[in-house]
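Note that the chains take the letters A, B, C and D in the order they are written out, and that residue 1 is the start of every chain.
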Amino acid sequence: MQFLSDNAAPVHPKVWEAMQAADNPDTPYDTDALSREMDARFSALFGRECAALWVATGTAANCLALATMVEPHGGVICHREAHIEMDECGAPGFYLHGAKLLLAAGEGAKLTPADIDAVLAGITRGVHQVPAHAISITQASEYGLPYRPEELAAIGAMAKEHNLGLHMDGARFANAVAALGGPAVEVAGPVDALSFGFVKNGGMGAEAVILFDTEKAELVRWRRKRAGHLQSKGRYLAAQILAMLDDEIWLQNARAANDAAKIIADEAGDRLVHPQQINELFVRMTAGERAALRDQGFAFYDWDETCVRLVTHWASRHEDSEKLGKAIAAL
Amino acid sequence: MQFLSDNAAPVHPKVWEAMQAADNPDTPYDTDALSREMDARFSALFGRECAALWVATGTAANCLALATMVEPHGGVICHREAHIEMDECGAPGFYLHGAKLLLAAGEGAKLTPADIDAVLAGITRGVHQVPAHAISITQASEYGLPYRPEELAAIGAMAKEHNLGLHMDGARFANAVAALGGPAVEVAGPVDALSFGFVKNGGMGAEAVILFDTEKAELVRWRRKRAGHLQSKGRYLAAQILAMLDDEIWLQNARAANDAAKIIADEAGDRLVHPQQINELFVRMTAGERAALRDQGFAFYDWDETCVRLVTHWASRHEDSEKLGKAIAAL
Amino acid sequence: MQFLSDNAAPVHPKVWEAMQAADNPDTPYDTDALSREMDARFSALFGRECAALWVATGTAANCLALATMVEPHGGVICHREAHIEMDECGAPGFYLHGAKLLLAAGEGAKLTPADIDAVLAGITRGVHQVPAHAISITQASEYGLPYRPEELAAIGAMAKEHNLGLHMDGARFANAVAALGGPAVEVAGPVDALSFGFVKNGGMGAEAVILFDTEKAELVRWRRKRAGHLQSKGRYLAAQILAMLDDEIWLQNARAANDAAKIIADEAGDRLVHPQQINELFVRMTAGERAALRDQGFAFYDWDETCVRLVTHWASRHEDSEKLGKAIAAL
Amino acid sequence: MQFLSDNAAPVHPKVWEAMQAADNPDTPYDTDALSREMDARFSALFGRECAALWVATGTAANCLALATMVEPHGGVICHREAHIEMDECGAPGFYLHGAKLLLAAGEGAKLTPADIDAVLAGITRGVHQVPAHAISITQASEYGLPYRPEELAAIGAMAKEHNLGLHMDGARFANAVAALGGPAVEVAGPVDALSFGFVKNGGMGAEAVILFDTEKAELVRWRRKRAGHLQSKGRYLAAQILAMLDDEIWLQNARAANDAAKIIADEAGDRLVHPQQINELFVRMTAGERAALRDQGFAFYDWDETCVRLVTHWASRHEDSEKLGKAIAAL
């Protein structure tokens, strides 16, 4: 039973269907009918005008979004455990031409205005130091904690005050929406650009870069091509994303993933490092306990010496969660 | 009837099958069973050891391959109509961190040792000028002309003499193999790295970077991740490529595409700018003649004022080619 | 007798004096009194507001100026024999993060609107091709030919129409002003940024980046620091430049250099590839003739198989020019 | 009385003399007689073969040196208060094309093997994380503390074990040599490349990049040109450096600067954050005490809330140091 990563999830049947329905000649790159539908569909979803472009990976989505806000000599304030810092092999440095990540602390990998302020307060040497050009936050955070609308508003106000762009890494944006229960527009808050993840949530290889300043789409189009991310058969990417928007599959899948995690969380009790909110759990466990669970057939990721990470996904079976929950309770 | 681009072709049924067979949990990125099979399968195909990595696009494949040969302060000798120069929005400049394309002339967009020598002869100012670090050729060329083994050998000798890397853009490598009739290893010749195209030939979104110096694979792995091209569900890309290698579908498809072009070529006669060899034809045509064909339902690309480009693909119907051939003959 | 390069010229006595006068403690980088005087002094010279920053080399000046106009995915239209293309080892690719030089033809290494238009006409493939973001011209050109005000106006109109930045490489801007006789502002014309050269004209290691859009100075300040060009003892650079502005030494020196070239030109007659205008001459000469001159003690640069390049400078002695002129006439 | 920075020091008379002696035509860039002397002079100084190239600034020297060791996708382990991290406006990110600084802790801004190990231990995610390619240390450290030979040997062993390049930022290398009393070669230790500072120590605008692997000089030559740091009148930079090597002026000046600091340190007693070793002192002081000193005419830099930084230089007058020492003692 696999609780390693939501990347391991299969592709949703409706996504398969949509891809196969796209399997007829259309114009290449992003000039096909499906790709051209993206802007309108996401504008409808968010209830405000936006531009939406597909790319294959979250790393590309994050970096292309940041490229609309950050000059090569600038910096991006982010949490020191943010995915862009820890897991993207320096991709922001590549896409932003040497721009720097300016690392902030923050409980549960979430930033507060105070955390951001601490970084800004250290930038005092004028032209000798990298200036901040943007803030990047992760919704939900690397520890599975969503930002609530009022938290986003406070960060947005700060970005505005300091003339900083605001980016949201939404690899698990859908899970955050499901957890918070609010409309997508509230869960995005005042961000300028959002990487909206679909791959972990039932897609195959398509994420969306959402730009609430639609004039920035032009830049992303050039940079996407230049990064080799403008696929010639882009219709298959658009198909995946649009299929997930139909009938709110993106939201249903996220709810299913969150629910599967909740079953485990309910049994894990005090072992939880953070209260369960989405489909990620960080559970305190000794080496011996980990071994015991693995002996029972559970696969998961050793986060650090104190805890393991458990991740469920849209296709996780509730009975597997129950088994794991019980096994943890029985430790 | 569509003769615009082989990018418009559908995905081959066996590719669909393989992708769906991959639709079960496996480890992410390129650690799954299929991705790990790539090296061995391509080593078998070429009859020599090589490393093979999937990426989504030809642009990414070309640039990652070149990154194994070219330092940021260096240059790549290529034809002035090469895809990397004309159609990739400066991607080589991005991936190679400002390295320069050093443009050569050459009949039919093919380079000869003399063409390469003319570029090298112009580099005389020592540290004041960008030095050549590599040569990039396209198999088959932008005008649909394959390099024959002896032509490749001559270029390879030159690369060796001048200590230059040798890269082959093989977006239509399969068509070149089909046209030349030789084994893949001969059609690759003495290149250090090959971008082996599958997307135009029945794939969906997977190309292979082939490295004949397997020690370079390490570098490409880092750079692929850093460019956001390490897809988390990489198994679906590996599945596409491996399916095309099974039963030589890549070669069958290429033959079918070439044959479909030959039907047209046989009727086009003196209008052909270059003799037909693969699935691309450049056909001299007046504006009036183009309009007449379009009125009959044929879609194609205006190459320049003298000629149009016609492209067939693996799924092109022979009857459509016949119709187009006859229509051209009747002009 | 040395006619190789104006780079070989000594430093003007007034420049030495000014540097030594600066040899007392002041605040570092560009916060000293002299550096802070630059903006006002150049604004007075040009009769319009501008920002002026020192850097050590023309390459740095050109690239920093271009960085105010060109995004990493963009291109710079320039002559195919421009210094930024031929002699800067790809520095624009480095400073502009992979942006591309888009090469134009043009008689005497000068661009006309028609030359520029020919480049623009070739950019037709949308996101697949590098878009032009700027034009760079050289005043005077690599063949020693100044642009006249009406020529500059025509290029400026074109830049405006196509929303392109306009940069002027003024390595020999002073010589162009001396040749045209007009005020500096007319010789700069409608450019957005000018690299104003002092090193070849009596300075030691200081050039000025002039920004007619003063809001761009901020960007150049960051980029200069980031490129390691913000010298901690910047006062010695400012001193050089300000000394050259005093009593119009920059203009006197340029006139002296031009005059020294004219003496030779008057004897060279039909051998001149272009009419003499500044301090560079391109003189047709056989290999035997070159050898004969060298035997007489003249040093110069072999430009190509048809001609040599002769360069005079502010300290060139008229008697040496006369000797060379007579020697050429006697060939 | 100025204790702000050694950047504010005047140029040494012997340096002026040498620059003026260089004021006659020679070949440009680094082909002149003085520039060609650099390798031999530094090889003699270090008693081992090395290549030595001039550049105008320490930032350029550091970045060009690091470029011989670090690929664009790699990282440099350095102290979190290192100059390359805090004061160079992201120049390493620019010169190394997006490579990352991997920040280590360390008492007094010095790294120990344990500090380096802590960084390496955090790099566990394979291709998802930036790999370390080099270590950069500062001799003497940002807090004025030299590394002793045995400390360097331990770091060198670690670099070797992990196949990392080792770079030394020697902005105050001379002061470290003066403090340790050893020969230069011991104070450099097992580093691969050294930025040897002259500007703070009596030069005007010339630092040396020293490469103990002389084969790397080729790369630095290209990169220096490409960064706009190959000055056309390079002889004036070489002259500065060679003059400082003559009669060990570099060492005499460093001793004088250190001595001037010692006079103050002897009075500052327990206020010193670190024991005095070179020409930098960090002295605990309240806001009121700072104001009191400034009222007496002393200028210095507020390091942080707990202490100020005092810097002496080769031309600091002993009587000024005595006055400041007494003033501190009297607080």
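Please note the rule applied: contacts are C-beta pairs under 8 Å (C-beta built on N, C-alpha and C of every residue); 3 or more make two chains touch, one makes a residue touch a chain.
Composition by chain, UniProt nomenclature: A, B, C, D = Low specificity L-threonine aldolase.
Model, not experiment: these values are computed from the prediction.
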- Message: Suppose chain centres are the mean of their C-alpha atoms. Which chain sits farthest from chain B?
- Response: D
- Chain pair with more C-beta contacts, A-D versus C-D: C-D
- Task: Report, in whole Å, the distance between the mean C-alpha point of chain A and the mean C-alpha point of chain D.
- Result: 42
- Message: Need the CA-centroid distance for the pair chain C / chain D, whole Å please.
- Response: 34
- Query: What residues in chain A touch two or more of the other chains?
  - Reply: 29, 72-73, 88-90, 94, 97-98, 127-128, 222, 225-226, 230
- Message: With touch defined as at the start, can you tell me which chain C residues reach chain D in the complex?
- Response: 2, 4-5, 7-11, 16, 20, 23-29, 55-61, 63, 88-91, 94-95, 199-200, 204-205, 222, 225-233, 236-237
- Note on the structure: Within the complex, chain D is touched by chain B residues 29, 71-73, 97-98, 127-128, 131, 219, 221-226, 230
- Enumerate the contact residues on chain C facing chain B in the complex. 72-73, 75, 86-90, 93-94, 96-100, 125, 127-130
